[in-house]
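Letters A, B and C name the chains as they come in the text, with residue numbers starting at 1 for each one.
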Amino acid sequence: MNKILNEAKKSALNALWIIVLTFPIMVIKVNTINATVRWRWMNILWVGFGSFVLSWMWRYFLDRRESGGSSKSDDEKPGRIVKIRKTLAERRVRVPTLVSLAVLVVVFPFLVSFYQVGIMTSALMFVILGLGLNIVIGYGGLLHLGYAAFYAVGAYNYGLLYLYWGVPFWAALPLGAVSGMVFGLLIGFPVLRLRGDYLAIVTLAFGEIVRLLLENLSGFTKGPEGIAQIPRPGFFSKLSLQGATIYLFYIAIVLVLLTIFVMRRLEDSRIGRALEAMREDEIAAQSMGIDLTKAKLTTFALGAVWAGLVGVILAGKTTYINPGSFTLMESVMILVAVVLGGTGSIPGVILGAFLVTLIPEYFRALQDYRMLMFGVALVVMSIFRPQGIIPKVRKHYRVGGGES
Amino acid sequence: MVFGGLRAVDHVNMHIDEGEIVALIGPNGAGKTTLFNCVTGVYTPTDGDIKVSADGGEVTRTNGMKPNRITELGLARTFQNIRLFSTMTALENVMIGRHPKLSAGIFGAIFRDSKTREEEEKVIEDSLVILKKLGLEKHANEAASSLPYGAQRLLEIARAMATEPQLLLLDEPAAGMNPQETRRLDDTITRIRDEEGITILLIEHDMSLVMSLSERIYVLDYGKLIAEGNPTEVKANPAVVKAYLGE
Amino acid sequence: MKYFLQLVLAGLTKGSIYALIALGYTMVYGIIKLINFAHGEIYMIGAFTALIIGGVLQITTALSPLFILVISLAAAVFFSVGYGVTMEKIAYKPLRKSPRLTALISAIGMSLILQNYVRLAQTSDFLPFRSMIPNFKFLTPGKSLVSTTQLVILVTTVVVMVALTLLIKFTRMGKAMRATSQDKVMAQLVGIDINRVISMTFVIGSATAAIGGVLIANHMGQINFYIGFLAGIKAFVAAVLGGIGSIPGAVLGSIVLGMTESFGAGYISSAYEDAFAFVILILILIFKPSGLMGRNEIEKV
């Protein structure tokens, strides 16, 4: 009983402090133009109550975190996620699940409105973006804050190629991937010798430079107005809006499957292991014969390819692109998807991408609070569950040859 | 090797022949690890030459080479403070050691042609063999950081061995080990030299291990070489005694 | 010639503001090796607080503008420091033992939270700010060259820098801070309370950022929730340019950056003004990552 009273006292003090701290910004609204002041006293109640509850919960979870031990015990303590994984791994569960999923995917566009199909396509594109960024952050351990720049490169690749030379969608697609890779290398070179935090800032700087260039080289890139009337992909002939929407959905599905396939192959390969080693300990990795320069450049280039691809799809889907879609916020959103879902884990990133794109969509009322919630998600995940919602699972090799 | 105004390694002349077990000893701060770092490419020596001859053939000067190139030439090392890949399993740590001997690239990774598949299978087999040689096979699927301390030190050695080195540089491999583990280490290192034909250079503070294991010893103090010879000679050398015990 | 001088003064003014913000970055990085992404937001909150408190006083009371300025400055400092210290306790302290990238991600999250908190609680529009700095009559002849606010900014910055240098050099806390930034473990072993030192660092950094925020609000005439982000990045670039962890470096870097932006915008192109900071950052990190005055950190193997 005493303990609860103690906690209540602490929470009350915290709440009081927060009320004082947020007083000017939450309570007072000054209109300097017509010289009026609005006092929103009700907010004190919300802030007070909210902080009381939240600080109690926060301290509770912090204590649990301290005594709960390191997160390295994920393998031993079977949590809910591990149980789900184990069930799915059994053949009799896995096969029917995959089959029903496949059926669902195929008929999906015909079950819902075209608007929904478009949303789902956006979500799928975001999945690919997340997986691409995951290569850089999850496998390579390099914090990349300018990923949207590669996305922009892909999109503008198609937009500009079409604008100046009438290049069609399917030709632009591989070119988008290539240009993404080239820009990935471009970013990779300068950051070779940089450590974690500096690397992050430089990637952010690159992202902004790309955006600024796109905005200001108006003669070439059409500046802030962007490029419009980019044609949708055709299927032997021009498709209607509805047809193209469904077509793009299937294209996105195929690309997602391709991405997952490549990721899994990468994880379990010499290159994948080299990247992981680099992430864990650069110096030790180098001593094991891993060429850090090659590894870092590979990481950036490989990661950028996917963004380039998806960029082309974006241009074909929305038929209009402008620099405003490729801001730092975009890069941060992709980052949130990866961190929230589970850095380094494929199902985690997929989940994260869906959450980040679909929750704001289906809870329209929360649109305004989107960025705020993402910020909270980043802080909360960093402190309480840095491995993400679905953490990465290490591979188990059957001792005596072969893999499980 | 000069850092700013400090001569960390001062006119040290050493040579190591194939098949030897050589120890490098000296008080703390004498420059032993710095020497290791010069040899393995972490530092570039400010003066002097480091020459490596692979298989008694062509002599290569390794000054300024990057560590991964030097490992490819056949020099592998362990670290004074354990630098295992902590979230990876013991087996995976050793598999990474195989990196310089493999050839699969991105295309191999994605398309898994038969050559790559064979290579991957072999990697797992070979790594398990190495783990067995050091008695670590039961830890194969455990995260490296959860291994007992002695096993972790052995794992670092296993990982270094996976690169198929000609010369293995061990930086204080017995640090923190109890006498039983140290004896096991003594056996292990001798076996590595005898069975694998790997030359050994080790930095060590545990004198009993050094005396029992090494054939030749170099003694460093304040960056300078103050003695060299076999264990008996070195033990009796007054300069060595002075360096360790003071006046 | 006059244009040139104007550019010089504009550059110095910008540089001063960046310096006030950069101090916070460089000090925090020196102590806990974290790039406090949300530091720019502290600056922004300082500006907003001054606007709000100052605005209330202006509208509902008849106090003299100078008095209001002082009160709103004090308020800005108080609240910014509050946000800074609270932010540290919530989002950074639990991560002191975590990998640095995790802490960095938390900082990014904190930046998002503060930005959007202000946006939602106040407004996303630009809020006009009536300058509270009175016009000093003796300056009228030089009016076209340097405005009153510019002068105030320059003088204030110099005063703050001097005060800070004295603090670091001669007070006990200053010595403790220097010790902690060089060797945290050792500092603890000689009895220094790390938590207090870290809090103090955030206090000082937030205070100077708040002052910068108030000054810029008076100078620019309008503020909005996003100014923290851009100014923050540039101040960070300035800190890196001068050598992160070095206080004189932060000042030097800020002046260089301010001048570059001013002359770049004046003689080359004003559209790319923001890009200069980014380009400088990339160049400096490629060629001299320790900055103009920094020391090279050698990793012990």
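Throughout what follows, a residue touches a chain if its C-beta (ideal position, glycine included) is under 8 Å from a C-beta of that chain, and two chains touch if they have at least 3 such contacts.
Note that the structure is predicted; figures quoted are calculated from it, not measured.
Pairwise, the chains sharing the most contacting C-beta pairs are A-C. The most distant chain from subunit B is C, comparing centres defined as mean Cα coordinates. Each chain gets a centre from the mean of its Cα atoms; for subunit A and subunit C, those two points are 30 Å apart. Between subunit B and subunit C the centroid-to-centroid distance comes to 48 Å (mean Cα coordinates, whole Å).
Distance between subunit A and subunit B, defined via averaged C-alpha coordinates, is recorded as 41 Å.
In subunit A, the residues touching two or more other chains are 283. Looking at subunit C, one finds that residues 301 touch two or more other chains. With touch defined as above, residues shared between interfaces to two or more other chains in subunit B number as follows: 42, 79. Every residue of subunit B that touches subunit A in the complex is listed here, in rising order: 40, 42, 66-68, 71-72, 76-77, 79, 83-89, 91-92, 95-97, 99-100, 102, 104-106, 108-110, 112, 116, 119-121, 123-125, 128, 137, 140-141, 143, 145-146, 159-160, 162-163. Interface residues of subunit C, counted against subunit A in their complex, comprise 33-35, 45, 48-49, 51-53, 55-56, 58-60, 75, 79, 82-83, 86, 90-91, 94-95, 98, 100-106, 108-118, 120-122, 127-130, 233, 236-237, 240, 271-272, 274-275, 277-279, 281-282, 285-286, 289, 299, 301. Here subunit A touches subunit C in the complex through residues 17-18, 20-22, 24-26, 28-30, 32-33, 35-37, 43, 58, 62, 65, 141, 143, 145, 190-191, 193-194, 196-198, 200-202, 204-206, 208-209, 212, 216, 283, 332, 335, 339, 368-369, 371-372, 374-383, 386, going by the rule given at the top.
By the touch criterion given at the top, residues 72, 75, 262, 265-266, 268-274, 276-277, 280-281, 283-292, 298, 302, 394-397, 399-403 of subunit A touch subunit B in their complex.
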